[in-house]
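Right, one structure below, let's go through it.
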Amino acid sequence: MIVVMETGATDAQVKVVAQRVDALGLKSHVIVGTERVVVAAIGEKREHFKDSLEVLEGVSAVVPIVAPYKMASLEVRGEPSCIEVLDFKAGAGQFGVIAGPCSVESEDQILQTARAVKAAGATALRGGAFKPRTSPYSFQGLKEDGLKMLAAARDETNLAIVTEVMGTGDVDLVAKYADVLQIGARNMQNYRLLEAVGAVGKPVLLKRGASATMDEFLLAAEYILNEGNPDVMLCERGIRTFEEHTRFTLPLASVPYLHRKTHLPVIIDPSHGTGHTYMVPDMAVAAVAAGADGLILEVHPDPSSAMSDGYQSLNFEGFERTMQRVNVVRQALASLS
Amino acid sequence: MIVVMETGATDAQVKVVAQRVDALGLKSHVIVGTERVVVAAIGEKREHFKDSLEVLEGVSAVVPIVAPYKMASLEVRGEPSCIEVLDFKAGAGQFGVIAGPCSVESEDQILQTARAVKAAGATALRGGAFKPRTSPYSFQGLKEDGLKMLAAARDETNLAIVTEVMGTGDVDLVAKYADVLQIGARNMQNYRLLEAVGAVGKPVLLKRGASATMDEFLLAAEYILNEGNPDVMLCERGIRTFEEHTRFTLPLASVPYLHRKTHLPVIIDPSHGTGHTYMVPDMAVAAVAAGADGLILEVHPDPSSAMSDGYQSLNFEGFERTMQRVNVVRQALASLS
Amino acid sequence: MIVVMETGATDAQVKVVAQRVDALGLKSHVIVGTERVVVAAIGEKREHFKDSLEVLEGVSAVVPIVAPYKMASLEVRGEPSCIEVLDFKAGAGQFGVIAGPCSVESEDQILQTARAVKAAGATALRGGAFKPRTSPYSFQGLKEDGLKMLAAARDETNLAIVTEVMGTGDVDLVAKYADVLQIGARNMQNYRLLEAVGAVGKPVLLKRGASATMDEFLLAAEYILNEGNPDVMLCERGIRTFEEHTRFTLPLASVPYLHRKTHLPVIIDPSHGTGHTYMVPDMAVAAVAAGADGLILEVHPDPSSAMSDGYQSLNFEGFERTMQRVNVVRQALASLS
Amino acid sequence: MIVVMETGATDAQVKVVAQRVDALGLKSHVIVGTERVVVAAIGEKREHFKDSLEVLEGVSAVVPIVAPYKMASLEVRGEPSCIEVLDFKAGAGQFGVIAGPCSVESEDQILQTARAVKAAGATALRGGAFKPRTSPYSFQGLKEDGLKMLAAARDETNLAIVTEVMGTGDVDLVAKYADVLQIGARNMQNYRLLEAVGAVGKPVLLKRGASATMDEFLLAAEYILNEGNPDVMLCERGIRTFEEHTRFTLPLASVPYLHRKTHLPVIIDPSHGTGHTYMVPDMAVAAVAAGADGLILEVHPDPSSAMSDGYQSLNFEGFERTMQRVNVVRQALASLS
């Protein structure tokens, strides 16, 4: 860390800072500039040290130098990770496509969708059985019945099942049926839930919170990794900005950024990231071009009758055409390397 | 709702929309404009109807007319609510001040603080026993030991205890010691937790999520109210924006807005809302002037040694001076009405 | 427009609104819902009518139905526009690449760059002669000398020259040398400047303001079109959000959105949109995949010695490799249609 | 500046950085940490040095230590400035109130308003003669006729005239009639205009751009100061965020922040900052409580017939009551110091 003193900070204040740095088990190093003094704190960083220094008198700012996450970092692992479940693979050159409806609505709906998305190239099936809804009056999902329908679809198609778990009390139940546990954007910093899925031996798809910074996102992953579960996929699904013409703003620069910082695979969600069916294919293909390790797409047999999120769902034909574009772009880029 | 059709939508598409509106139990009303057709949907609104209409072909937008929350609305209750616990009162003209450290650190620390803030005019004591921390490596709180220290402070001072509950598994434990259950900003849309505190007979302080819209905030309150718990306080603690010179951006216009829309009391948190001790007094007084029903302030015997959030905590003297300013402004404004 | 009345609005208030609507030359149509009354205003919309209605007593909100821009809209023109200057073409299926340094620094620098980017496939040369800088103490550009160097580069290479004009007083001078006048993001709502470039017979590259909504962006274009200049290109260069790991957040969903709303070509700027050289190639290729009509990229012979923006500039080799990826993706996608 | 190297940066890369630092006329100082090397650059900072270092290989980040503005800084001047024109004073303990309509509409309207706001305590009169409008089809102001009406109102009331100048071509004309030149939020980074008003001997009211950081805001002021005009007032008028229930988000923490960094007076605009008449009084009083040096408020004889911004304008009675609240709060706070 670098502790920047205020202009005019006294020698005594600088000394207190240096002593605090040393007391924290770091090594202080004072540099006197023309306008300000800075104190470098050398040693391994722990996040709350920042607070301990920021509060001292005469301190203007504390600038962290090292990333606050460890197990999630690319530096520590040295190479990208690949997450594999059944036929699904994502990361380290593998590309995985997760497709399916926002909500599981019926056995027929989910089976039809599973067959269609598999035929078009998906390797995992998404579908919500427990639905986090902004309003308590909205449809909340079929719960365990929905999970059973998903499991039945897996049994027929061998697609990996990706479904959301909303609370610690549901983790065992969901893990009984699902292959990948999804943590929704609203729960990205629900630490109890992160710990609970960290203790389960199944891969986790962690969605970025709508206003999470990258450090917060990677530290949320760190909570899971820290419990002993190494199989975390990061899902960029859009951030909340002033833009009104899309549901969220989908920042694809997250892909090169995360690939530089972490070994965890990066999955893009153009359905939530845009909120409009007509934008989904273009943004799916763009995500591939940006280097994403996979996609998660909402697909419904008849979006106009979907119980949730129909306005951002592809129908089977739309998904198939999107996959064709995805595939030609992947092949084209592969031909160069 | 108002369903706005695309320019060039066909008569058949308009007809499908009108039929869907009627099938939802609403009454459709078609208006033909010079450039576009709109279909008004008359009747009581439920949120997921919006989705059901937005997905239809030829639809450009669906504009809700009525607020999606009911029990939280001022219209429904007709007058502001006041939440009372021990000596703490907030809402409907009553002003409540919650003060105390970010984290409970020791019995001595919390008792000292309780006495000091009570002497300066606080009616409730805050203090974190379960701490949601961005990093798994940061101090996570004293847990039940911390709760016991808070309870001891209440027993001596009669201050109401306000403390955070992070997971459904902790609700009973926290409710055993606390007078007011706090839901942190990161858990504002942790619906399982909202339901759990809704089922407990204790008041709830619900913090606004850092990127929550007002409708989302009020619907989160609605989740709690909907479980039968009428005692919810709304806490504005700042939103995430592009600003970097404050930890969050604290939008005090939330006060007049919420007072117009809901009967629930509005508490302002200038400590998290700014992230800098030196800004807290000015923003606390500004909150009072804006009409807030209460404040929640971080106060620590020695902020420079605090285990968390010291950089935004007042010391006892700073709190006392802030309370003086708060009081003269309240009196001055009261003299006018 | 739809005027939504407050719950409890009186009949007299509704009547005043209806009369105001009629007085504005529109036709009012009152719809009585179960909870609220809405007044539809039928007829051609003008923006300030919204204000005139929003101020009336009892009005809750005014919802515009029709886009506020006309000449920029796809509806009005019916088909996409292509902007052509020298060898540069963008829009309606044509793809144009503008490349070059942030600032023109010397004749040698700009000539070298012009040759290199042309060889790799660019059809226009960018380079700042008048530089808008956040600080008055930063390098402000070579001014007319820079313009002359750009013109010399065009004379040799036939690349179209794209350069920024910062003030109305410079329009004639810049237009004397440049082929395309660039309006920077900070001047997107400098209406005097928009009018001035609208009166010049040269194409304009209009950059989106860092916090401009799409309606504001298209209305800025409308200012130029309204002065009789039909040749406007829209440049998405990123928006300001809470994200700190990129200079701006680059929302590629702007491409499908703008293609749906306007006939004007859409150019993406991944250099400013990310602010980091290492992200530029991925985002350039992603922009192509999203359907952009062109790219503008910062390229410098030696970014580490650039006088401005070197941290987001490609060197010649980086540009050439980016163009290879751009080209294979364009071909791959073309093979499907 | 502190140059943070990447983990794994080579000695050669560190050496290049240190050499560049020295070549820039600064003094380099290398600190070897356990995970990373940092290079401190000691000496007076100039903004573009940051760029020059950021581009070097092996550099992870460059952290500025000193503020980029000079003349605007409190450090340099040592005490707050007060701007005085006619009866208007703001800053250094003086509180100035600027009130009046969004647009000058007629002599009668502006004279009536001038008398009413003066009677209630305003010391300056605002009114737009040149109106920057999002749409080219909206009312653009009465131009010189409007300026003459403003001047007539000043002649009668001695209120200082504050009015916007939109382009360099209008500066002389506006300066002929006005006492304070207003730079609108959209033109905050119109550097040609900043230079032009910097060369005029009249005070300037500089509005913060809707997505400007504080450094950008203060550097815009620096452009004006740098031309020799010392009389700049900073106006916070709200920033663009994801919030939809207000026109902008008005961050009152700007007041304590700016008072800590700059000697220039800080004026708050609750009219644009909220966009709703009913919020204006609460936020005006809150601004005073936060320590603002003045207010600018939209006041219109009959907001429901205003040609622009009526929905955020106070009528005379609303302004008078707001001023009563403002005054009692100012007195109450003054009684404490």
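Order of writing sets the chain letters: A, B, C and D. Residues in each chain are counted from 1.
By our rule, a residue touches a chain if its C-beta (ideal position, glycine included) is under 8 Å from a C-beta of that chain, and two chains touch if they have at least 3 such contacts.
Because the structure is predicted, anything quoted here is derived from the model rather than measured.
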{"item": "Result of counting contacting C-beta pairs for C-D and A-D, higher pair", "value": "C-D"}
{"item": "Whole-Å separation of chain centres (CA-atom averages), chain B against chain D", "value": "31"}
{"item": "Distance between the centres, which are taken as Cα means, of chain D and chain A, whole angstrom", "value": "38"}
{"item": "Chain centre separation in whole Å, for chain D relative to chain C (CA means)", "value": "26"}
{"item": "Junction residues of chain D, two or more chains touched", "value": "211, 240-242, 244"}
{"item": "Touch-based graph of the chains, sorted into line, ring, star, complete or other", "value": "complete"}
{"item": "Complex contact set, residues of chain B against chain D", "value": "211, 213-214, 239, 241-246, 249-253, 255-257, 260, 273-274, 278-279, 282-283, 285-291, 324-325, 328-329, 331-333, 335-336"}
{"item": "Chain B residues touching chain A - in the complex, by the definition given at the top", "value": "46-48, 51-52, 54-57, 68-69, 132-139, 166-170, 186-193, 209-211, 215-216, 219, 222-223, 226, 240, 303-311, 313"}
{"item": "Residues of chain C that touch chain B when the two form their complex", "value": "2, 4, 7-8, 29, 31-36, 38, 40, 42-44, 63, 65-66, 75, 240-242, 244"}
